Amino acid sequence: MGMIIVMGVPGAGKSTVLKNTAAKGRQILNYGDLMFEIAQKKFNVKHRDEIRKLDIKSQSQIQSLVAKKLAAEKRSIILDTHCSVNTPRGYLPGLPFSLLSRLKVDGLVLITAPMAEILARRRKDMEGSAGRVRELDEEGLVAHEGINRAYLAAYSSFTGAPACIIINRDGGLSAACEKLSSLL
Amino acid sequence: MGMIIVMGVPGAGKSTVLKNTAAKGRQILNYGDLMFEIAQKKFNVKHRDEIRKLDIKSQSQIQSLVAKKLAAEKRSIILDTHCSVNTPRGYLPGLPFSLLSRLKVDGLVLITAPMAEILARRRKDMEGSAGRVRELDEEGLVAHEGINRAYLAAYSSFTGAPACIIINRDGGLSAACEKLSSLL
Amino acid sequence: MGMIIVMGVPGAGKSTVLKNTAAKGRQILNYGDLMFEIAQKKFNVKHRDEIRKLDIKSQSQIQSLVAKKLAAEKRSIILDTHCSVNTPRGYLPGLPFSLLSRLKVDGLVLITAPMAEILARRRKDMEGSAGRVRELDEEGLVAHEGINRAYLAAYSSFTGAPACIIINRDGGLSAACEKLSSLL
């Protein structure tokens, strides 16, 4: 069985949806966690934020080791990752073809929500945790969401896997979880 | 000469445009028909709807045989297919790279129309034929049309072929047909 | 060091931004110039407009020679080109995968601006130069800008390079140039 890849911008509620979905025996792996594990071992990194401060070559090496690990997975996996990450250098693809070419993908899922709800959740997140800085600019969010759908279509064209967009509205968590569960 | 691939959501008027366009010696092949022919022979399928009820492995095998058949075509072809199909598992790419890599493509055409006109045509279709169920939700159609353009750009980037969007407005059928004919 | 590829529709202000950006030792190469140089030598072409009047096979040959030249570049390059070109046959990808597969790309940049400002700049351009005909239709521009972002995501997925969208607003040229300079 191939993996199901679940993506979504901060505030879309990806983690909440994943936590509340019956996983049907699938193992949830978080791409960022896998990177951190390897960065700790290989580069003695102490905090997640240090990864992006490593030189490009080291970061590529970490990504390549994560790809190798994922390619070797024998279990049924849900991969929790980003469709694209909004960095100072631009949108970085979460699933470049160099990674996808090593994976067997059965489904691509983008979790999203109405823009106003995403922004409200981000505001609340930042109140709750002083360290968490999240983009609150609506124009920027609309652009990011727009290009994420284009990345999604590119990933789907490359893998041949279906691309499912799940709307996780306020008050609609259980519907979003049921939809995700139906894909597993 | 490579093939011209014509795509469009239900209600965009793809079939009507194709029927009324001077084909300039090109043969029109319908992807769904090709799948059905093979499914009949190989899997004893009686109705089109049975194809998607086959297991994934059988469906892949049918798709692979269609690709083989198209790759072997010596005639000038217009391929009539979907940009993506809106299934319960998500948008399924009509032209995954595994298929495109076997074809010689000279042009990609997406036929579309104003959203309100597409919805009105779908409503009329359903009245005319009790068996035909078509999505009438505007938000869903806007999302599908949006991601279809992203699929189109991915197909165009992969093949290098130009991507032409033809607007088939109510009352503008002959203009749409002329435009398509100019690409053949 | 890989190349930075800068793209943008006519009127987005790509050339102005490039002219006013500290290039940090990078060489700016214009894709159209490279095509013209080769077309002059190989096909005795006198004016740029003659290139697209050549048969498809000759045009492909020119593109292939440009790709070869770019692939052999030892210098740090900024490549100035189009994301897609709006031709009578449809949108032609500026960076088909057949080209990208031969390049080492560190960054993809799309320069854009509010639609009303792009149209106003185009109108002004046409007044200034009788020979320059530019599309002034807003619906067409919105469609082109929309699909350009989808091409951008496809290029980014293929190369793994980040995709940066720089908004070059009226009165904001220096901010756009600073942003571009930060990517070099």
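Should a chain be cited, it is by its letter among A, B and C, assigned in written order, with residues numbered from 1 in that chain.
We take it that a residue touches a chain if its C-beta (ideal position, glycine included) is under 8 Å from a C-beta of that chain, and two chains touch if they have at least 3 such contacts.
From a predicted model like this one, the values you see are computed outputs, not experimental measurements.
S.K.: In terms of residue numbering, is the interface formed by chain B and chain C classified as same (over half shared) or different (under half shared)?
M.R.: different
S.K.: If you fit chain A onto chain B using the CA atoms, what's the rotation angle, as a multiple of 5 degrees?
M.R.: 120
S.K.: Measuring from the mean C-alpha position of chain B to the mean C-alpha position of chain C, what distance in angstrom results?
M.R.: 31
S.K.: Multi-chain contacts in chain A: which residues touch at least two other chains?
M.R.: 150, 153-154, 158
S.K.: Along chain C, where are the residues that touch chain B in the complex?
M.R.: Touching chain B: residues 84, 87-93, 95-98, 143, 146-147, 150-151, 153-155, 158 of chain C.
S.K.: What part of chain C is in contact with chain A in the complex they form?
M.R.: Residue positions touching the partner: 107-109, 149-150, 152-154, 156-160, 162-165, 182-183.
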